[in-house]
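In what follows, subunit A forms one complex with subunit B and a second complex with subunit C.
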Partner chain A sequence: MSDAELLTLSAILAAMVRAATPLVFAALGELVTERAGVLNLGIEGMMLIGAVAAFAVAHADGGILLSIAAGAAAGMAIAALFAVLALGLRANQVACGLALSLFGVGLSAFLGKGLIGTPIEALPALPLPGLSRIPVIGKALFDHDILVYLSVLAAPAIHLFLFRSRAGLILRAVGENHDAAHAIGYAVLRVRLLAVLFGGAMAGLGGAYLSLTYTPMWVENMAAGRGWIALALVVFATWRPARALLGAYLFGGVTILQLHAQNWGVGVPSQILAMLPYVATIVVLVAISRDESKIKLNAPACLGKVFHSGR
Partner chain B sequence: MTSTPADLSASPTPRLALRGIVKQYPGCRANDGIDLVVMPGECHALLGENGAGKSTLVKIVAGVLQADEGEILWEGAPVRIGSPAAARTLGIGMVFQHFSLFDSMTVAENVALGVDWRGAMADLSRRVAEVSARYGLALDPARRVCDLSVGERQRVEIVRSLLQDPKLLIMDEPTSVLTPQEIESLFAVLRRLTAEGRSILYISHKLAEIRTLCERATVLRGGRVSGTCDPREETAASLARMMIGTDLAPPVRAAAPRVGEPRLVLDRLSLTSETPFSTALDAVSLTVSAGEIVGIAGVAGNGQAELLSALSGEALVAVPEAIRIDGVAAGHLGPRRRRALGMGFVPEERLGRGAVPEMSLADNVLLSAHRAAGMVRGGMIRFSRAKGFAERVIDAFHVAAAGPRAVARSLSGGNLQKFIVGREIMQNPRLLVVAQPTWGVDAGSAAAIHRDLIALADAGTAVLVVSQDLDELFAICDRIAVICQGRLSPSRPVRAATVEEIGLLMGGVFHLEETSHAS
Partner chain C sequence: MKILRRTGLALALALTAGLWGAGGARADEPLKVGFVYVGPIGDHGYSYQHNQGRLAVEKHFGDKVKTTYVENVPEGADAERVIRQLATSGHQLIFTTSFGFMNPTVKVAKQFPKVKFEHATGYRRAPNLAIYTARFYEGRYAAGVAAARMSKTHRLGYIASFPIPEVVRGVNAFLLGARSVDPKAEVRVVWVNSWFDPGKEREAAEALMAQGVDVLAQHTDSAAPVQAAEEKGVWAIGQSSDMSRFGPKSHLTAIVNDWSGYYISRVQAAMDGTWTSTDTWKGFDAGMVHLAPFNPAMPAAVKADVLKVVAAITEKKLHPFTGPIKDQSGKERVAAGQTLSDAELLKMNWFVEGVVGSVPH
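Here is the complex of A and B:
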C-alpha cells in the first residue's frame, strides 16, 4: 500500500471510532438503567437535550470540561423528569419513555433555535504519548479527544461495577426481583432513581460528543435515531457491557464503510448502502445472542415492571 | 445454652412479645389486636387458615410491614421495627414462603444480598461453607439458584438467615414445597437451632407437623387470636376446630372404585425443554380410566408444568398418538378441540389462567364452558345463559360470592378454586385434569373440593390430579405415580404405597432402581 492509501485507511478507522462513541455512551447508560429493571425509551430525547446544552455552553466559551458537564447534567435532568413520572408516580415506563423522546426532540429544537449555523471549535485531540506514534492504528485509535477515551474506559468500569461490587450486585438484584429486594430491605426506588440518572448522564454525554466533536455545531434532531440504535444494542448485547461496546463499534464501523463505498462508486443504490449498518449490527448481534438461555440468564426479570411497595 | 424447662424459667423475659397488634388494609382488618409471646429456645407455632392474618403478622415482626397500632417488645424492651435491616440488627431472621431469591444469581451472591456483608466474596463463601457444614445444609456457593431444587433454595434462605446469628427465626410455611425426607432433615435443623437457645416462629396450617415440632401454638382466625395451646396435647381435630371454628369431615373414598375403559392414555409422551429454567418430559406413560382418580406427586419444577401444558393442549406434541383422549389421538390438537373430546382442565394458577381476574364470574364461565348450555348462538353470546350457568355453579359448589356479577379477583382463593372446579364439573367432562386443586386453599374449601372430585369419579369420570401435597393425594387417589426430572414412575395403588416410599421416588430414587435393572 502506498503512503496515501495508508493515510486513508487510518482516517477511515478514526472515523469509525468517532461514529461509535455516542452509541457507546448511550448504550452503556441504558444498560445500567435496564439492569436496575427500568426501561427508559427516552434515550433519543436525552441525547438531544445533552447535545444542545453542551453546545450552548461551548458556544458561550464555557470551556471544555464545563461543556461536557453541561451535556451530562442536562441528560440527567431530563432523566429525573422520567424518574418522577415512571418511578414516583408509577406511570407506564414505555409510554413515559416514548413521550420523553418526543419531548426531547421538540425542546432541544426550541432551545437551540439561536444556535443554528454557528460552528464551534471541536474538542482538542489528546494523542496518547507513544501509542499515537504507531503507524496507521496509532493515528486511528490513540489520537482522539477525552470523550472517546472516557467512553471506552466506561465499558470495563461498568462491568466491574455490575459484577464485582456490592452496589452493582444490589442494582442487579433490584432489576431481577424487586419484591425480594424490597423484602430483604433494599430501597428499590432509590436504586432505580440512581440508575435512571446515570443512564441520563451517559445519554447526555453521547449527545455532547455529537455537538462538540462529531459535527461541532448544533443541528436540529442531530441524534438522528442513534438513541434507538443504542436501545437495540442493549438487548442484542444481552445486557453485557463488553458486548454493547462491540456492537456500537460494529455499527459505527459499517456506517463509515458504507459512506466510503458510496464515494468509491460501488454500483449499489446509496439507500441500500445506508441500510447496511443496521443490517450488519442486527445480524452479528443476533448471531452472538442466539443462545436463548444466555438472554434468560442476563435479562433483568423485572424490566419495565412497576414496583408497588407495602404489599 | 439448652432448652430445658429449667432454662426457660431461669430466663422469664420473653424473647418477643406482641401486644394488641392491628393492621388495617382497605376493606379488611388483617390483624385485629393480636397478642403473642415467644420464649427463648422455643419453637412457637402460628396456626391459621389462609387469610387469618399470619403472614401479615410475621411481616410486621420482620419489618417488612408496619403495624397501625400495638406494641412490640423485644427481650423486654419496646422497639420499633422500621425495616428488614432493623429486624436483622435486633436478631430477627425470616425465611419466606415464596422464596425471596434471585434466580439468575449464584448462591453466594444471594447470600451476600441478604446479609450486611462488607468483606470479600471469598470470605463470605467460606462462611457459607462453615454454616452449611455445621447444620448439615449442603450448598455449593458457586451454583446459580435457577439450577437448584426447591429444597436447596430453602437451604439458601436458611443459611442466609443463620449467617446473621439470629435469636428469632421466622419460618413461613417452610414445608409446603418439600419432600417428606427433606421435611425430616429440616426438622432436625430446627431442633438443633432451638437447642442452641434460638427461638423459632413456625407458621403452618399442617397440623401433624406442628404437633411433632412445636411446644406452643397461637391460633389465629379472622385476624384475631382464637386460642393458645400446647399442640402436643391437642388432637389434629381439636386444632382444626380452633383454626376454622367448625369440625371438618374428611373425604371418604369408596373402597373399590368401579373402573371402566381408559379415558386418558399417555404413551411415551416426550417434550423438549424450551427455556433454561424448565424441565423436559421424557417418555411419560400413564393410563387413567373412567371412575378412578390417579395422582401425580412430585417436587415442583420436575416437569409438572410441562406435563400440564402438554395435557391441556397449550404445548402441542410432535407425535399425536402420545396423548389419547377417549381413544382419539390428541397430541396435535389445541385446547378447544381437546375440550370438545370431553376433557376438562383446572390449571394451577387460578388468576390469569383459570380465570381472568378483572372479569365477572359470568364472563369467566364463557372461557371454558361456552359450548355448554347454549351460551353462544350464531357467534353471539347469550349473557342470560352464562349468568344462569354461573349461578348454578355458585349454588351447587357453595361458592361464597356476591353473585355472577362478582369480579373473579374479589373472591378468596378457596372460593375461586371451588368456582373453577365447579365450572369444569358442571360440563360433565369424561376426563378431568386438575393441577394443585387445593394449593393455597383454606381447609374448609379444600375438603369441599376433595368431596366434589370424589363424587365426580364415582359418577364415572376419569380424574387426574397433579399435586405436591402428598396428604391430599393419599386422601383422594386410587393410584399414585411420581414425576421426577421429567420422568414418571410406574403408578401404584395408594393402599399399597407408603408416604416414605413415595417420598423416595420424589427425591428421584427410581432412577437408581432403573439403572441398576438396566446394568
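Here is the complex of A and C:
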C-alpha cells in the first residue's frame, strides 16, 4: 500500500469510530433497559435532549466534565418521565416511547432556540500514550476524546454487570419473568426504574457526543434518526453488549465506507450502499425470528409487558 | 343536523372570505401577508433566509403591512390546515415556501379565489397562485470560479443531497465555473442521501478531504462541512446563508438565497392591484441569489475575477450552460455557442465531463 492509501485507511478507521460512538452509547443503554423487560422507543428524543443540554453547558463555558454530565442527566430526567408513565401509571410502553421521541424532538428544539448558529470548540482529543503512535491504526483508534474511550469501556463493563454480578442477575430475572421475580421478593418496578434511568443517561451521552464532538454545534433534530438505528442494533446484537459494540462499529464502518467508495468507481448506486446497514439488521432479525429457540434464548421474555404487582 | 352544521360553517366561511375581500379594498387597512416555513427560522439556512425576506417587507412598508409567519410546518395535511388558517384570518397574500406545500396550496387557493397565493420551487399555478424560485446555479458557477482559483490540488469536493435536477444542475454549474478558469479542475461528488444530517455531512466532508480535495461545496443544509473544513484547514463554500461564523478562516463565500427584493415587489403589486399569477425564475439579475462577503484571505485579483463573472451573468452576457459541454461519457450535450434551455435545465439528470462520481438512477 502506498502512503496515500495508508492515510486514507487511517482516515476511514477514525471516521468509523466517530460514526459508531453515539450508536454504542444509545444501543448499550437500551440494551440494559430491555434486559429489564422495558421497551423504551424514546431513544431519539433522549439523545436530542442530551445533546442540547450538553451543548448549552459547554456554550456557557461549563467545562468538559460538566457538559458531559449535563447530557447524561438530561437524558436521565426525560427517561424518568417515561418511567412515571410506563412503570408508575402502567401505560403502554410502545405508545409512551413513541411519544417520548416526538416530545424530545420538540422540547430540544424549543430549549435550543437561542443556541443555534453559535459553534463551540470540540472536546479535546486525548491520545493514549504509546498506543497512539502505532502507525496507521494508532492515529485512527487511539487518538480520540474521552467519550469515545468511555463508550468502548462501557461494553465490557455492562457485560460483567449483567452476567457476572448478582445485581445483573436480578435485572435479567425481572426482564425474563417479572411475576416470578416479584414472588421471590424483588422490587420489579424499582429495578426497572433504574434500568430505564441508565438507558436515558446513556442515550444522553450519545447525544452529548453529537453536539460536543461529532459536529460541535446545536441544530434541531441533529440526531437525524440515530436513536432508531440504536434500537435496531439491540435486536441485531441479540441483547448482548459485545455484539452491540460490534454492530455499532459495523454500522459506522459501512456508513463511512460507502461515502468513500462512491469515488472508487465501484459502480454500485450510493442509495444501495447507504441501505446496507439496514438490510443487515433486517437479515439478522429474520434469521433469529425463524428459529424459535434462539428468540427464547435471547429476547427477554417479559419485554414490553406491563407488570401488575397485585396478581 | 350534521349537514346543517356543515352548511352553517360553509356560510360562515364564505361570509368571512367575503368580508375580508371587502376589507382588502380599503386603502387605510394594512395588507396582511402570511408566510409558511418548512423549517425553524433559526436554521440559519433555507427558512431563515425566507424570514429575512419577510423582515425586509416589514421594514420597507412599515405600518402599511402586517405580516404573520408559521414555522416548522410539516409538508402534508398539516400544511393545508395552516394555509387555510392564514386565508380565513384575513391574509390577502400568502407565501408558501417549500416544495412539499405545493398541493395543499393549490387546494386552498381554489377555495379562496380572492386571496393571492405564491408557492416557491413548485410548478403548479392557478389564476390566484403564482410560483417563484431562484437560479441558484448562477451562484454556484461563480463559486466554482472562486474555488478553482483558490485550489492547489485542482480537486474540488461537493457534498450532494439527493439526485434531483436542482442538485445535479448545481454540481454541473460549479464544475463549469471551475473549468472556465482551470481546465484541470475536477469536482468530486459524494451523495449523503439526506438534506440534513450534520454527522453524515461532516463524514462526507472528511471523505472528500482524504481524497485530496482542498475546496468543499455543499448542497445540504447544515454548517457541519464548513466546520470540518475549518478543522482541517481547507476552503469551504456555504449554503443558503452566510456560514462564516462556523469557519472564519475557511469560509470562502456562500451562495445566499435572497428573497427580500422579490417579496417587496410582490407585496407592492398586491397593494397596487397589479398582482397577477406569474412564474418567476430569476437569479443574480433580480438579486434573488448573491454571494456572501468573500474571505479576507482571498487575493484581490481572485475577488475581482469572481465579481466580473457575477456581473457578466447579471447582464446576461454569460450563461453558465454555454456549449461546448460534454457529459461524463464524452458525448456532446450542448454544441459550441448554444445554451441549454430552461426546460432542459429543469430536468437535468447527467453530469458534465470533469465531475467524478455518478448520478444514481
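Here is the rule we go by: the second predicted complex is superposed on the first by the 288 of 311 C-alpha atoms of A that agree within 3 Å, B and C clash if a C-alpha of one lies under 4 Å from a C-alpha of the other, contacts with A are read in each partner's own complex, and residues count from 1 in each chain.
FYI, a residue touches a chain if its C-beta (ideal position, glycine included) is under 8 Å from a C-beta of that chain, and two chains touch if they have at least 3 such contacts.
Fair warning: this is a prediction, and the values are worked out from it, not measured in the lab.
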Partner chain(s) touched by A:L131 [first = subunit B, second = subunit C, both, neither]: neither
First (subunit B), second (subunit C), both or neither touched by A:N298: first
Which partner reaches more residues of subunit A (counting touched residues only), subunit B or subunit C: C
Which superposed partner A:M217 touches (first subunit B, second subunit C, both, neither): second
Partner chain(s) touched by A:R172 [first = subunit B, second = subunit C, both, neither]: first
Contacts of A:A183 with subunit B and subunit C, given as first, second, both or neither: first
Residues of subunit A contacting subunit B in one complex and subunit C in the other: none
Subunit A contact footprint on subunit C (complex, rising order): 39-40, 42-44, 72, 188-194, 196-204, 206-207, 210-211, 222-224, 227, 231, 245-246, 356-358, 360-361
Residue ranges of subunit A touching subunit B (in the complex, touch as defined): 166, 169-170, 172-173, 176-177, 179-186, 292-293, 296-298, 301, 310
Complex interface listing, subunit A residues touching subunit C: 7-8, 11-12, 15, 18-19, 22, 109, 113, 116-119, 122, 210, 214-217, 219-222, 224-226, 255-256, 259-260, 262-263, 269-271, 274
Interfacial residue positions of subunit B with respect to subunit A in the complex: 63-65, 83-85, 88, 96, 99-105, 109, 112-114, 117-118, 144, 146, 274-277
